[in-house]
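Look at the two complexes coming up: chain A is in both, with chain B in one and chain C in the other.
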Partner chain A sequence: MNRLGKFEDAKFFLFILPWMIGFTVFFLIPFVTAVYYAFTDARIPGAADLNFVGLDNFTALFNDRIFGKAILNTLFFVFVGVPVVTCGMLLLAMLLNADVKGIALFRTFYYLPTLVPIVATVIIWRLVFNSEFGILNAILGTFGIAKISWLGEAWSIKPVIVLLQVWISGSGVLIFLAALKGVPKHLYEAAEIDGAGKLRRFFSVTLPMISPAILFVLVIQTMYNFQMFTEALLLAEGGPNYASYTYVYDIYKTAFTELKYGMAMAQSMILFAMILVVTLALLKSSNRFVYYEGEKRG
Partner chain B sequence: MKERKGYVWTLTTVLMLSIVLAGCSGNSNVESQPNSSGDNKPTNQSTGEEKPLEDVTITYSQWGTAEELQRTQELLDAFMAANPHITVKLEGKDWGTYWDGLTAGASGGVLPDVMKTSFAYVSKYAELGIFKDLDGLLADHDFDLSAIADGMLSMHQFDGKQVSLPIDANVIMFYYNKGLFDDPATNPKQATYPSAEPTWEEVLDIATKMTLDTNDRNPGEDGFDRNNIKQWGMSTVPGADLGMFEPILFSNDAKLINDDGTVALDTPEAREVLDFFIDATAQGINTSPAQIEGMGGVQNLAITTGKVAMNLAGSWNVAHYTDAAIDYGITHVPKFKTTQTVIQPAGIAMSATTKHEEAAYQLMSWLAGPEGQSELAKQGFAIPSNSQAADAYLETAGAEFKIFLDAQAYGISAPYSVKKTDLVFTHGTQILRDPLAGNGDVDAAIKDLQAALQ
Partner chain C sequence: MQTSRKVGSSSIKAYVLLTGVLCLFIGPLIWMLSTMLKTKTETYRFPPTVIPEEITFDAFQRLFTVQPLMWKWIGNSVLIAVAVAVGTVISSSIAAYGFARFENRYKNALFLVVLTTLMIPASVMIIPSFVLFVKLNWINTWAPLIVPAWLGGAYYIFLFRQFFMSIPLELDEATFLDGGGRWTVFQKIIMPLSKPVIITVLIFSFVYAWLDFLGPFLYLKSNELFTLSVGLQLLIGQTGQDFPALAAGAFISILPIAVIYFFAQRYIVEGVVLTGSKG
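Up next is the complex of A and B:
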């Protein structure tokens, strides 16, 4: 290798050095440490009096009914919540893509909730959904509908959280809006000439053309919902009776309230595996529903 | 190409080593972590006695609101004036962050020298070995433990050792909004104030009269609209704070948890108590969790909303009632059979790894001893745990608060184990809050709670 080549290499490593340091310090070392702790009975990180317990943490988790509830709740948010939130984003994006007067103002209004800190949003939602004094029950009451304990019933708390996610989904809406803007108009014109109705145009032109954006939003939202914490904590503190208790909330409680750090790391490992499997499955199956313009197949 | 690979490996190895070494160097002054006995120290720490008059700076950490921290700062200022060679830095956090911070601090070996403890969390954190065993220090300095009630001391012990010293004697009481009782518009049935040691039967009768729908009808009257209540007679949400609810169970010969760690709520005596509140909530006389949520979310402060006549609360809540400018009265916790209450003393503990043991002890003994307790009493917001400061408290707070001292005699003996802390602060609220308000199957909830504790 000549001197110029070495210089180029040195420059290359110099430029990626910040990333490598960040990756090593903030991901690699914590990850390896977490794997180590997952097989110990450490009460707190850094504990000196820990013992190696093999797979005990993992086997104990499968007998923990609250951990089971946390998994089921999280799977609900992933397999029901993600499609609903994604559809909600798409619906909003299509409405905001309409060519009507003052649409820029509407776009601003629909994006505003995303800019509000989630803590403030959740407080507003708690007031809206309060069974006694909430505006929602007040409106329903005018139609003779009895008060519903939205935040106090196991059947309603998860849908309320999903609805909250739609409310703060401005970023996803923007991605869809950008994708919708990128669909060539001539495709719609050609479809119309071929006699395609609005529904047919949506399924045969719009959806395929924005499918890369759909995949992106699906992957991001799936990972987010697997790790949902703030909404569950602030809206109902994981209740009632653990009905909104999510996986990451359980990890937090296990580590910081129950002081079972080793167990919490075992939970983290399982979560890592679950996200990996679902995301890989999503990406693997994506070639069946994602259309990349200009991509050569076969 | 081979040469290039070697270059890459060299650079990567150097990088990794520098990161690892940099990471290790930060911890070099603390080589060991606290063990379960809580008595080991960093190996480079001086084991010799500190000279008493050597200038030293220590940290004191506690939870609390801005006002509470300000009051603590005033106490620390008084301590520093009396001990000019010791500087105390106050670190304040809110309740939730405080305990997370303590866990994180314990793991990082950076605990404050002295820290506030809760009666409910003593066992949980003492198990980690982060608290210093105080028995030796207290004996060496002849600290007068007889001035603190045994019941309070026992709540700050772990494995029979004193790991924390009580610094207040907060007690649960029953409060009523006199303004609502005195106004004919909010008390059309002319209900009287509850008596000094009321029964729940008496309170239920008063609460029924004080509960009004939008047409000023009471529960039980024809046409009472349970869906449109404008004023509730009382607010006691058992599932929201089982620790505060525990003396009510005791007053009917029931309890929260058995000695073997199993839930004790399935006895006939306990169910009688639970059913009383479920019925009162179903009738609209007692507030539900959702109603409390809509009124600010704190049942202890329900009477400050002007929509609730009576509520269960702590002695510390009088500061909030004063701030809310309401005219209130205090009685003992209503009884089923016997008058009972629970004393919930906060305490102070020393870090097992402190490098300033003598200074930390001086601060602790001052805060828990007659001088600090008298200063605390003079502030008028907390009841001193040290009986030697009782006079100072009465002088400042006045005769109307003597009831707080009287209530100490009704304190139940119910120390917290790790399991009980989990029951009261984690699983109990999750599982029981709504069933105990009539929303859900109580028997199933108790079984769920039992399973969760296992």
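Up next is the complex of A and C:
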């Protein structure tokens, strides 16, 4: 590479300059500021009259009952929502992996809900789940089931949001579909010759072969559900009775309603730590269930 | 899963299952279309009708009368999404060339930083970014939505880099021998060969800008600057009981994405699947 001249390093930095500026301004500076703010009582962004309050923001949080509820709600979306959504994606992917004519058209339509803007999704779901005029209660009514206020009951709002996530889970389905197509056919043939039934083939061939994709989807979905907010905001405004009030919703309220920016930064840092710990635990435990082809198993 | 195409009963079973589940997935969208074409009074009827008795487009007229800013919002959304898509392609491809073609001791460490930012949860950055934009005086402008896109996106840099690395190095070297520099190679050799990935990134970043709700919702304050998504959110509060008008609004916000999807499905699917195949 000598013939290219001695300015090669400078040229490299010139090429990546846009990213370097973007990374510094929109990532590094806000992040470092956030760590600093988290230990202050800042109430206005950029305020000069802020005081260093040590760990006060953090200790105050744990005495807040609503904050506890927000954590519990978020854990529901992580530990119930993620498995349900991931299983839904896998079942849909297996369904769409069927070797029949016209399957491409089916795949096209199954992915469509994923591309619906979230506000439109919420409008549609309000139309479907409307307790008086919605189609769902009308269908259930023909079976003699009384009208249910799906978006107005504390017990139903979280399941409805998880259901919404399944509806827009097309990206995960695509990833599973690609993984399923990558499973070599001869493995199924060998298993069949050995007398393995459908269920056995699924657990002994399909699952191990697509386990890297499962891990990937689990990690992404876990990170996403830890940050559950927009759906809860638009569909139920955190209610009813705080049933969909999530952790990020609480951060939003702390900052934009109560104007406690220092506190909101502290909450953001805790969120970061929580996601980091759970994701690392997931990755760490993955060597027990993820199978990489060509790797020796110890 | 079997060597020969499934025939007979198992094929029929697959169709029944596929169609049944498809109805559940497409059902809500069909319900939207049905509501949108009804008269206001028909939507209050119980039991509801699936096929409107009287098909009417009045909902659209009411929508644009109740909210005269609708056209403005649609225009804003298009402008922002185009600016984001163009900026993303230019800035991310330039940065990706740096990461794909230079050899030095900083490259790998810096690329690791790019990948790390991909793993940082977006909502951790909501409040810190908001404070930054307040300090920059960018609140109630489109700058927070557009400027970051012109300074490289981690995922798109990754996509471009993957593609650039599949282009033979000999092409670069031939250009160097002819006296061309790095920029010539990038502009005259790499980019013309990268049409597929350019299209993928254009479509992907356009679609994601169009789908973005939280950004415009947090940063834009005056109605005239709203994107369609934030405008619709305002509309839910204004005309919450006019179901056909709301459905019409939802339909308009879906339409551009649906059109892009039906014409360029391959690129969208590719972009999604690529995220999953790096693991």
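The criterion applied here is as follows: the second predicted complex is superposed on the first by the 275 of 298 C-alpha atoms of A that agree within 3 Å, B and C clash if a C-alpha of one lies under 4 Å from a C-alpha of the other, contacts with A are read in each partner's own complex, and residues count from 1 in each chain.
In the analysis below, a residue touches a chain if its C-beta (ideal position, glycine included) is under 8 Å from a C-beta of that chain, and two chains touch if they have at least 3 such contacts.
Quantities reported herein were computed from a predicted structural model and do not represent experimental measurements.
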Partner chain in contact with A:Val25 - chain B first, chain C second, else both or neither: both
First (chain B), second (chain C), both or neither touched by A:Asn241: first
Chain touching more of chain A, residue-wise (chain B, chain C): C
Which superposed partner A:Phe272 touches (first chain B, second chain C, both, neither): second
Which superposed partner A:Arg200 touches (first chain B, second chain C, both, neither): neither
Which of chain B and chain C A:Gly152 touches, first, second, both or neither: first
Chain B versus chain C as contact partner of A:Glu132, first or second or both or neither: both
Which superposed partner A:Thr257 touches (first chain B, second chain C, both, neither): first
Residues of chain A contacting chain B in one complex and chain C in the other: 1, 9, 13, 17, 21, 25, 29, 45-46, 126-127, 130, 132-134, 141, 255-256, 261
In the complex with chain C, residue positions of chain A that touch it: 1, 3-4, 8-9, 11-19, 21-23, 25-27, 29-31, 33-34, 37, 45-46, 92, 95-100, 103, 106, 108-113, 115-120, 122-128, 130, 132-135, 138, 141-142, 167, 171, 174-175, 178-179, 185, 188-189, 212-213, 215-217, 223, 226-227, 229-230, 234, 248, 251-252, 255-256, 261, 264-265, 268-269, 271-272, 275, 279
Of all residues in chain B, those that touch chain A in their complex: 1, 3-4, 7-8, 11, 15-16, 19, 23, 32-36, 99-100, 103, 106-109, 124, 127-129, 227, 288-291, 293-295, 422, 425-427, 429-431, 433-434, 439-440, 445, 448, 451-452
Residue ranges of chain C in contact with chain A within the complex: 1-3, 5-6, 11, 14-15, 17-18, 21-22, 25-29, 31-32, 35, 43-48, 50, 91-92, 94-95, 97-99, 102-104, 106-107, 110, 113-114, 117, 119-132, 134-135, 148, 150-152, 157, 176, 182, 186, 207, 210-211, 213-214, 218, 228-230, 232-233, 236, 243, 246-247, 249-251, 253-254, 257-258, 261-262, 265, 268-269, 272-273, 275-277, 279
Chain B contact footprint on chain A (complex, rising order): 1, 5-6, 9, 13, 17, 20-21, 24-25, 29, 43-49, 65-66, 126-127, 130-134, 141, 146-147, 149, 151-153, 237-242, 245, 253, 255-259, 261
